[in-house]
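Report on one structure; see the data block that follows.
We call the chains A, B and C, going by the order they appear; numbering starts again at 1 in every chain.
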Amino acid sequence: MQISAVVLQLLVAGIGTGSIYALIALGFNVVFKSTGAMNFAQGEWVVMGGMISAALFASASSVGLACLLAVILVAIFGLLSERLVIWPLRRPTALMITLVSIGLAICTRSFVMLTLGKKPVGYPGFSGEATVSLGGATFQAQTLWVVGLTLAFLVVMHFFFERTMLGKALRAAAADREAAAIVGVKVETTILISFGIAAFAGALAGAIITPLTLASYDQGAMFGFKGFSAAMLGGIGSLPGAVVGGLVLGLLEVFGSFYISSDFKDAIAFAILLLILFVRPSGLLGRPDIVKV
Amino acid sequence: MVSASPVSGTHVAPSAARESLRMQPRSRFATWRSSDHVRLVLIWLVLLAVPFAAPNAYVVSLANLALINLILIASLNLLMGFGGQISLGQAGFFGLGAYASGILNVKWGVGAWLGLPAAALIAGAAAFVIGVPTLRLRGHYLSMATLGWNAILVVFFNQFVSLTGGPNGLLGVKPFAFFGIALDTEPRAFPVVWLASLLVMLTILNLLHSRIGRALRAVATNELGADAIGINSFGIKLLCFTLSAAMAGIAGSLYVHVNQYASPDTFGISVSILLIVMVALGGSGTYWGPCLGALIYTAVPQLLLNYEDAELMLFGLGMLVVLIVFPGGLAGVPDALRRRFAPGWSR
Amino acid sequence: MTEKMLEVDDLTCRFDGVTAIADLSFDVSVGEIKAVIGPNGAGKSTLFNVIAGVTRASSGQVRFDGERIDQLPTFRRARRGIARTFQNLQIFREMSVLENVMVGRHTHGATGLMQAIVHGPTLQAEEHAIASAAMDLLNRFGLAGKADAQAGTLSFGELKMLELARALACEPRLLLLDEPVAGLPRAEADQMSEIISGLNREGMTVLLVEHNMRMVMSLSHDILVLNNGYRIAEGTADEVRRNREVLAAYLGEVEDA
């Protein structure tokens, strides 16, 4: 089968973009599963990942090290945010947490703006400026890193949730809060950890995409919404759904932008969101809600 | 109506009960008229003085802006606080109304007085279209649909340059006119904004004091229970959503004819999100909360003008503090303080 | 022959491989109190939910006053004259006690959106009528003194009364009562039982699900016993009490006396 070079190029670009959306959607879903809330700070963590990596790279010389440190720092920031802002809530309903996450997002964005500036920043990819040629298409090596690291992270997450006690505790608390509490799972701790994981995932996405797109303080909103669309597309709360949703969204966006119009690229993600809501609200992998009386 | 010997308990004559209920806080929507009606009229009478008492036109422009914001926040509060639905697209309907009224004026010379109802109709119709498929479902689907819709609208506002003026905005919109006099300055436009905001607030108040208003609140509180007594939950939610969007459309038309200009930035998702926060800060589900929310929304950026960069941070911090310490919003502060300092004093 | 208020024909309800109700047929005559009993998992809640419209049946028919209702959404069934109370109470807790009952009068109001907004004499008159009817009901149930309290502050027993008052506000012809005395102490359970009996004497048809045998036996004209989704007995209290299969279902195998 002959795949034209253009299609191959788009395919790779789509999978690359899709991986980023998958990571963001994953972070989104992890918080949603443990709190029922829509975390508006998710996109800001992506930006932080990219910008802190850039700042660290300026002092350190290894891109990989800078990114690693940055991601860990943002994860810690996520944990701190939860303790400072979510934990004190008297009535941690889903709506309250959602509203508070908006405040958190605003504070996070302004914090980034004040400390790291408004100028877009970047740094070289993990393999420098290397490019790869395959079947007539040429793309940055960084794209392969993006896909590879996302895959690695997903494997780790799968292992975490399926095989470790902590991961199972999180799943239990997400499935049934009271039952989990009865068997000794501390629900507040699971919420704390989900924030840490979500921040890590977001920061990872930001760190690995910045060599390709540059990072700037105001991108958070768009990242967040697109990741959110991806999560909805795959079925909100479903971790495999985040992956499927992210990939589908990334591919649709890249192909749509090329074949239909690049001006309306941003609208594509949202048009898909609306379509899904009208046709199959539970998402591609989700199960329809059943309300028991 | 069945009647038999009453079960043990106090018996209260219906007319006496109605009288004592009149000013009671808990059943405040159980009578057709209330102290809120009186307050509304009084406050708006006082507001009439603004164009005369204000030191300059700039202050009047702030008042206009605050009243337009009030319409936005109050209509969102109707949907969110009383209707229990979250819309992440109120700014989108605001923009739809503004561009509809503005484009009708610029392209086809339609006067502002016709543009206003047109804006309401168009925004309401858009809401209807989105609401029909999404409100049938239980869950947060409406919020996501409105998010998507708002995002798409902004792209359209930016991209259909020949129609909307693109990122540079829609220019040359004519103001309201009164018997041939163009109401093209802020003080002159004030009466229109004043009247519109009064009518919107009155509509909301009257709606809440009616059978439909109670049904709305019942559906928001407990849809299962509402279904069981014959309320068409879907119909009520759709009605509320459409009405809320139509009011935002009215705000949009006011905005575009007072400013004679509109640009896509004013109607983005960030604004929609901020509006939700304003509803919560003012006190979601309270009648007067939106007034506080509108005051904050209009005044805070003015107060923070000198601290431009830090403005965002201070705003975010302030928001967090209020949300964490006063979950009932600012309108709930008196109750919260009372509970803390005078717990024996029941209301 | 007495008129049938409710008829259930060959009802089957299957979810995810579990058959909750299997080929069930029965009816409720006008003016009777019929109880549905059975051990846990017998399908009583499912049956109730199907009749009320919360759950869809896989096959079969439900007819109310001769008309098919099984394809109708819940609120339309309520408008036809079926009112329902819930085992877990679905009270509007943030609204006042009076408002809860006033909402029950919703379907008896005629004003529309425009009239609500304009707030003219028609609406005002309707509001007076609704508040007054609601107050009458509260008086009847002994809750008038708490008319103004937030519903969420009432005791469990009072909430059960409130939900019944709200259901009556709809002026139904059939009352579906889902475990009306579950969780109530003896005195309040008896009081509730008295009220239901009184309503029935005035002509109300009642279908109820209950675990409280004392109440069921003394109150009902007819009892339907379910087990594992099937009907295993139907008849008067005496007939059911002596039925071997019923005893076996509840107690396990019964030794021969």
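Convention: a residue touches a chain if its C-beta (ideal position, glycine included) is under 8 Å from a C-beta of that chain, and two chains touch if they have at least 3 such contacts.
Predicted, not measured: the structure shown is a model, and the values here were computed from it.
Student: Taking each chain's centre as the mean of its CA atoms, which one is farthest from the centre of chain B?
Tutor: Of all chains, C has its centre farthest from that of chain B.
Student: Looking at every pair of chains, which two share the most C-beta contact pairs?
Tutor: B-C
Student: Indicate the whole-number Å distance between the mean C-alpha point of chain A and the mean C-alpha point of chain B.
Tutor: For chain A versus chain B, the centre distance works out to 33 Å.
Student: For chain A versus chain C, what separation do you get between their C-alpha means, in angstrom?
Tutor: Whole-Å distance between the two chain centres: 48.
Student: Can you give the whole-Å distance between the Cα centres of chain B and chain C?
Tutor: About 39 Å separates the centre of chain B from that of chain C.
Student: Which residues of chain C are in contact with two or more other chains?
Tutor: 54, 86, in rising order.
Student: Note the residues in chain A that touch 2 or more other chains, in rising order.
Tutor: 293, in rising order.
Student: What residues in chain B touch two or more of the other chains?
Tutor: Residues 224 of chain B touch two or more partner chains.
Student: Quick check: in the complex, which residue numbers of chain C touch chain B?
Tutor: 52-54, 73-76, 78-79, 83-84, 86, 90-96, 98-99, 102-107, 109, 111-113, 115-119, 123-124, 126-128, 130-133, 135-136, 138-145, 147-150, 161, 166-171, 191, 195, 198-199, 202, 204
Student: For the complex, which residues does chain B have touching chain C?
Tutor: Checking each residue of chain B against chain C gives 1-4, 6-12, 14, 17-18, 20-21, 24, 26-27, 29-33, 203, 206-207, 209-215, 217-218, 221-222, 224-233, 239, 243.
Student: Can you tell me which positions in chain B touch chain A when the two form their complex?
Tutor: Chain B reaches chain A through residues 86, 130, 133-134, 137-141, 143-145, 147-149, 151-152, 155-156, 159, 224, 269-270, 273, 276-277, 280, 309-310, 312-313, 315-317, 319-320, 323-324, 327.
Student: Chain B touches which residues of chain A in the complex?
Tutor: Touching chain B: residues 38, 40, 85, 88-91, 95-96, 99-100, 102-107, 109-111, 113-114, 221, 225, 228-229, 232, 263-264, 266-267, 269-271, 273-274, 277-278, 281, 289, 291, 293 of chain A.
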